[in-house]
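Scrolling down, you'll hit the structures one after another.
Each of the next two complexes has chain A plus one other chain: chain B in the first, chain C in the second.
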Partner chain A sequence: MNAKYVNPFLKAVEHVLGQFGIVDITKKSLQTKEDMSIESDVTAFVGVVGDIRGNVAYAFSEETAKKLASAMMMGMPVEALNDMTRSALAELSNMFTGNAAAIFESEKCHLDITPPSLVVGEEVLFVLSFFQTLTVSIDTAIGTIDIHIGLEV
Partner chain B sequence: MESTKTLLKDMTGIDIVKMSVPTEQVGEVDSMGVCTTITFAGKCKGRFMIDMPPELALAMVSNMSGEKMDSIKYKLFLAGIAEMNNIIAGDANTVLNNQYALGLRLAPPIVFTGKNMIVATAKMDAVFIEASTELGPIKINIAFEGGIEV
Partner chain C sequence: MKNILVVDDVMVNRMLVKKILLNALEDINILEAEDGFKAMKIIAQNDISVVILDVMMPDKDGIEVLEEIKTSPKYKNISVIMCSAIHDIEKVKKALSLGAMDYFTKPLTQEQIAIRLPLKVRNALESYQQKRELIQFYEHIKEEMQLAEELQKSMIAEYLNFESITMYGKYIPCEGIGGDFYICKQLQGKVWFMIADIVGHGIAAAMISTMLNVIFSRSIQIHKTPGAVLENINDVLFEVFNGSRYGIISAFVGCINEDTLAYSNAGHPYPILYRETLESVEEISINGFLLGMFENIKYETLNTRIGSGDTVVLYTDGIIGKENEYVNCESVHTFCIKHKQYFADNIQALIKEMIPFFQNQNGGKYIDDVAVMIIKKT
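Up next, the complex of A and B:
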């Protein structure tokens, strides 16, 4: 997958996390997979349609999810993930992908994003696309976030 | 709903024997174990989701592929469930676009399996229909964000 399709998502995540005071972000690893399968505690995903089509997922551990939700709520402690925090994290994936869509638009690539969803559970296996996927893991002060990008390009 | 009923029978040979009236779904969805969702965007945005227990899902894909499926982690099984949703949502999408000119475009299907799964979606009004087959229940959940501009 061409870097021009990946960088907008990374920039968007960095930008949105920065708005919540999470600034120490480093790229940890980059991995290509034949399909987008994810085994993670908490996974939020958003679809993209338009000039490019696919799904983008943001996966994290429950601990990181709680810290992310706390950062979104001005530092309010989050002891457990409830319906409000889950909805907030779904909205966060919407913000990530919406920001990426704006970057694509500035590069004359039009895309629309679909509503976000978030899945939590036990022994969850996710398959978000059956074409080649790029997974970028980023390290932040609140834990690792895996960004899975599966686009038909 | 017509797409679901007709195509499920055509593809899997499994009949929907009973179907509830559409009911408003507020809040999160508790999954029965195998869930597939397709999101879409156009003049409106939304989600089409099918949820079922593993036994029914395995039987459906076994019937579709002619190969006995015994694990919900098997790639061919996951691909079968995704394709089934793709065909159903694609058919419904064509009907909606032709009748209401919504210009909907579908994102690729997503499949997830697991235990005690909760699916949370922000800001969407949903309806769900609970249906029965001879092999178990199936739930269909349709959600639109911000109403329909027609």
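Up next, the complex of A and C:
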């Protein structure tokens, strides 16, 4: 998969996090897998259809997830992953992907996104799709975020 | 307490907007709906001032809800603020064209949270409040107008029958109430009548017509001739209005005493006289100054014989519809000649045809008050 399909997602994550005051984001690693298998505490994922199709997943540790939800909810303290915080994380993944879609659109590549889903639980391994998947890990002040991009291109 | 409805399928977004608004605004109550169907249900059951509406929602989206609100006579005044993610900005444009008041984009930035969103909602609340007050004010005025209209109608008869005179009349004010006026009274064996057209229309003109009723009724008790009655009315109007445009009136006064018609004119369009024995239709062409413009004007009184079946057609210039042309009776004259057959036994039909006939000539709507009074000697 070409890097041109990865950059919009990275830019979008950076942009949205910036709006919540999370700056100083660094790329930590990049790896390729044959499928989108994920093993994280919390994973939010969104389907993509249109000129390109596949799935994008944003995965984090429970701690990072709580901090992200808190940032999204105007700094409200988050003790546990309840309905409200799950809604916040789902919406966040929607924003990430929506922003990426807008960047693709500006490059004449149209895509629609499906409503976000959330998987929460320790020691869960799930395989979301069987396309070749690129995983970019980024470091932020509130922890690591893995962005899994599995597109059929 | 003003009700604000927040519609968003995402729980966290509803919570955020609710929190921001409750922090920033006083005296508000937030209701929530997670989809368009629930939103419409809440709108139907509550008095909602402002709706904050997410564009993207499953099943029934924000645009559909907006359309439903804005096309409903009951809900269309509710202020709607749209919200969307930045990539839905095309839909926001559509929403604004459909009547949404404002919009904001998600995610909410610090600036939006602190300043913009509360300000937008405050403006929307004010706008709704103003619209409501305006509607209430309009309803109030409409009620007052209806009362005044009823009062005026009670003053203007459509049919009167005296010993030797029958009066038929029709009055259509262009604004519910108006400044045309006619009156017919029997006094000591004589039948007095007057038709008048007051400059302008609406409430002010109607008030003057009420006044005219009183002056005329009093004047015919004191004065002997139509000319003297007009002189008296002119003096009173000039004294009250001092020549200002509000008190300017055209009027025609007639008095039938046995077989004599005495008459005088103050700038009013010439009435038509139908003589039954000759089957002739003629204009009663006599003129004089408009009432209320100058002091001490003299009005001439002329006399003519009037026999059984003879009929006088009086009208205001609204029926011709050409404003500022006070004496233009050519078209009424032509009309009466053409419809001569009605004079013998069907005056009601004459009136019925007369009004739409002239109304059609003026593009199908009344631009001035319209009045017709027909006096027939039996």
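Following the convention adopted for this analysis, the second predicted complex is superposed on the first by the 153 of 153 C-alpha atoms of A that agree within 3 Å, B and C clash if a C-alpha of one lies under 4 Å from a C-alpha of the other, contacts with A are read in each partner's own complex, and residues count from 1 in each chain.
Everything below uses one rule, namely that a residue touches a chain if its C-beta (ideal position, glycine included) is under 8 Å from a C-beta of that chain, and two chains touch if they have at least 3 such contacts.
None of the values given here were measured: they were computed from a predicted structure.
Once the two complexes are laid over each other on the shared chain, residue contacts for A:115 go to chain B and to chain C alike. In the superposition on chain A, contact of A:73 is made with chain C only, not with chain B. In the superposition on chain A, contact of A:105 is made with chain C only, not with chain B. Comparing chain C and chain B on the residues of chain A they touch gives the larger count to B.
Look at A:52: by the touch rule set out above, it reaches neither chain B nor chain C. Of the two partner chains placed by superposition, A:25 touches none, neither chain B nor chain C. Touch criterion met: A:87 reaches chain B and chain C at once. Contacts of A:6 after superposition: neither chain B nor chain C is touched.
Once the two complexes are laid over each other on the shared chain, residue contacts for A:153 go to neither chain B nor chain C.
In the superposition on chain A, A:128 makes contact with chain B only, not with chain C.
The contact surfaces that chain B and chain C form on chain A in the two complexes overlap at residues 83, 87, 90-91, 94, 115. On the side of chain C, the complex with chain A involves touching residues 10-13, 15-16, 19-20, 58, 85-88, 106-107, 109-110, 113.
Across the interface of their complex, chain B is touched by residues 35, 43, 45-50, 53-55, 83, 86-87, 89-91, 94, 112-130, 150, 152 of chain A.
In the complex of the two chains, the chain B residues touching chain A come out as 27-28, 31, 35, 37-42, 45-47, 72-73, 75, 78-79, 82, 105-108, 110-124, 143, 145.
The residues of chain A lying in touch with chain C in their complex are 16, 19-21, 72-74, 83-85, 87-88, 90-91, 94-95, 98-99, 101-102, 105, 115.
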